[in-house]
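What follows is a short report on a single structure.
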Amino acid sequence: MRPEIKEYNYDWMLWRILDPASRIADGSLKELDLAYRYVPYFKGVLDPLLREGLPGRLFLKMINTYFENLHTAHAKGKKIAITTFCFSPAICYALGVVPVTLEPLTALGGLMWKRGTFDYLDYACEMGFTETSCSSQRGALGAYLAGLGEEIDFLLCDTPGVCDTNANAFAFAAAFLDKPFYQLNYPQTLGDNKTDNYHLADYKEMIRFMEDQSGKKLDLDRLRQVLDEVDKQDELISDLEDMQRLIPNPLPPMYNLFNYVGRFLFAGMPEYTRLLKSMVDKAGENASAGRSGLRSGKEKRRLFLCYIDHYSLNWNFWQWLDDHGIAHMGSILSRGFRDNVCYTEDLEGSTYSVDTSNIDTMIDSIAQMNARLPMVRSIRGPYDQPNMWLDESLVMAKVFQADCIIYNGTPGCRNTWGMVKPFAKEIEKHGYPVHIMYSDAFDDRIESWEATRERLDEFFKIRGLL
Amino acid sequence: MDDHFNVSITRDNLVDSIKLYNKGRRLLKQLEDIRCRPEVGITGTEAFAAAVAGTVMPREEYTMHLNDLLEGLSQSKNNVADGKKRLMTIGSISDDIDLIQLIEEDTKAVVVSENLCFGVRYEGNEIDETDDPVKALAEGYLGESTCPRMYGKYKDRLAILKEAIEQAGVEGVIMQNIRFCDLHGSENSLFERDLEAIGIPCLKLEREYGPLVEKGRVRMRVDAFLERIA
Amino acid sequence: MITAGCDVGSLTSKAVLMKNKRIIGSYITKSRVKPEVSAREAMQGALQQAGISEDQITCCVGTGYGREKIPFVNVAVSEIACHGKGAKWLMPSVRTIIDIGGQDCKAMKIDASGKVIKFITNDKCASGTGRFLEVMARVLGINIEDLGRMSRKAKTPVILASTCTVWAQADVIKYLNSGYALEDIGAGINTAMANRIAILANTIKAEKDISMTGGVAKNEGVVTTLSKTLGQKIKVARKADPQLAGAIGAALFAEEHKTEQGGKQ
């Protein structure tokens, strides 16, 4: 790790960028122009965000608040827990614990810095991670392993059995940092009674663990408050997903990032609700005017990402989509799966509901919601098992009328690479051109953006899509 | 299984099978104990071959062979460990007897203990013979597994290693993992950190699964390690 | 007593003759297909330089991948141990040695007496080895000796795909075609190389004095960038060609071996 990187904590550095960024958003154009002169490199990150208007500004404010909470947590007597993106942070907020969701934090580093989280990725390997391990946790985790972040109190993980590579990162970190660790285990099916009961029992155990660790009991009113907020957010997400089906798609590509970061860092918190509301309003305006969410206003193709996005520097990937008239139909990360969404008719048992009547229904709601987050929902069983990855992707492609599908992940993702080729073959049989990207969503050194872009150009040209 | 293979698996079948396998497990434990002594009558290569054989042979035959082997050892005065460094091999799946042979090749070292996916660990602890057999099997397979896939048990596994090292008088640990086994790959690093801290030299070795193909590379590292602990 | 050390590598073979812990002859040659042939060539060269004949050598130690195949070698010692010993002779204050050869890279820590206490190697793939630089230099159309200097003149080193040499090569070609400055690309290559090496060094927790041996030690771009990344100064040996470290160590081992034998008698 370069010595200068050791001077400041990773999460503190991100905050020190996002705090002024969130405030300049409210300044005048003149002030903005002046500020840009001092941040020639960050301009590439800030400008596209601000061009999104209110949603972009609220996004900045939301993550700024997140970091503020993180850095004042211990002072306020709150505990800090490392979690994963397949784990809804709502329960943390209900218990007064601040979640550190590794993957979005790694993504933020890669988006905003030229060298991304390279130093931390490598540091994790130096401390014992294999080179072949997944980069999504490793980026932010490297910082925490090096002691370059807020002190962690405990770890929560729900990927054992679903994604062992992910779970291993947590198990390693827990042993390395010598901190308590709770793992939720998920059976390989979803939506049947036995599984639902298993989810509930395991989740209750976890709540007991969290209460022990945080020294606080689960407060009924607070849980209800958080779930009410989740309810509002689910309503708005459902609206966005409905609108995404329109032709042209009124949602700008970057909305998918807003959703990703919001849901996995801030589910259950009002700042995320405000952001979603602004997104719904803006998309709604586009929709009434029959306008595409792309800057050019011309939608040429509709793309569904069957796995995750590419978090390359300066929003490269989303900019590329926008520039080429390709509307973003979401990814495995952006789908809500609440019982009010438009795409689950053919995916029985895949939704959850929110019932705040009493403590039991509330815990059941949150446990079932947790079991329907990305990987734990559709990659918990073999890809061709009913309602798993293949079924889900085909449904999405159909409902959102995608013209093509792209797979992007990380080379360390044993989870998907173990089956992506047969999966892609199956999808092609259904008439959707599939492009498998060999890049790393969180590490630009695996395949440089320039090379990725060339392959994208090639795919769209050769398959006659553009 | 009943339906698919058109058989009938009764409670008695299961109990008998458990008892048969336990017999073999006890014998392997005896083998493990013999290798802990200062005078060792069997090389690591031979012992490992015996363990790996258990994964492919019919169980009755295997148990018989193990019996014969142990009887032979109890009567032999052979000591293959004389003047050699006592090593332990740990890590992910390896049915590669050639690898152990490579380690013991130049007669500077003998492998006296192991904690690999095949072998003594694979056989694991005995399954309860008195309880309901399905419950006993489930508990045995899921509860006693010492694979790093069972998250949250690092300290237990470290304790098992330390105990084995002490009992067998191990002077160096070779930690191998097959490429892409992140679980062993990363846990080996933790073991290395904690074992080196108490003065046990360790060598981490990442290799490909399958027949031994990188002799030169592995040889170089093993040699350097043996020079280090000489 | 004159002893000899012979280090047969995959790209180059080296021989060193020593008397009273001083080098009296040395030779570096390109390795042939058969290690015996390479060893013979290197030895001939060294003998010629020293002006002595083979029967004047008391003991010869062989090291490197081909060491067991050399007929005139008395004892074979691992190249890790030889490099450690040789590096200590080249620089008595050294504690961490980073050796980047043509096809592998190793990092090792030695104690006060020159014994290796920790080592790590990466010889599974080209990136992070001399081969990487060779390939890149060829793409840029420059001599590999000139690659090092480019870091000094660069304004903004490019970022390269650094985990795969083949893909990095594709990247370099693209940057060239896009009209990026040659120095920036060259510096990017050196930086990618340095970062790969840094991971190795950090894994064994490099301590000072840190010295580099092997051919890549002559690339100032890599050395300077590596120093910055590690936050510690890297010293390059001046006493003799750092590429000879392995052979020097072997020759020193030969002397120890003979002295031990003499003592036993």
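Each chain carries a letter (A, B and C) given by its place in the written order, and its residues are counted from 1.
Going forward, contacts are C-beta pairs under 8 Å (C-beta built on N, C-alpha and C of every residue); 3 or more make two chains touch, one makes a residue touch a chain.
All of these numbers come straight from a predicted model, not from anything done at the bench.
Chain pair with the most C-beta contact pairs: A-B. A comparison of C-alpha centroids places A closest to the centre of the full protein. Rounded to whole angstrom units, the spacing between the C-alpha centres of chain B and chain C is 37.
Chain geometry summary: the mean Cα position of chain A and that of chain C are 45 Å apart. In this assembly, the C-alpha centroid of chain A lies 41 Å from the C-alpha centroid of chain B. In chain B, the residues that reach two or more other chains under the touch definition are 206.
Residue ranges on chain B touching chain C, taken from their complex, read 204, 206, 216-217, 220-221, 223-224, 227-228. Per the touch definition, chain C reaches chain A in the complex via residues 159-163, 167, 170-171, 174-175, 178, 192, 195, 198-199, 202-203, 228-231. Residues of chain C that touch chain B in their complex: 65, 77-81, 115-117, 119-121, 123-124. Across the complex, chain C is touched by residues 1-3, 114-115, 118, 122-123, 125-126, 131, 444-448, 450-451, 454 of chain A. On the side of chain B, the complex with chain A involves touching residues 148-149, 151-152, 154-155, 177, 179-183, 185-190, 192-193, 206.
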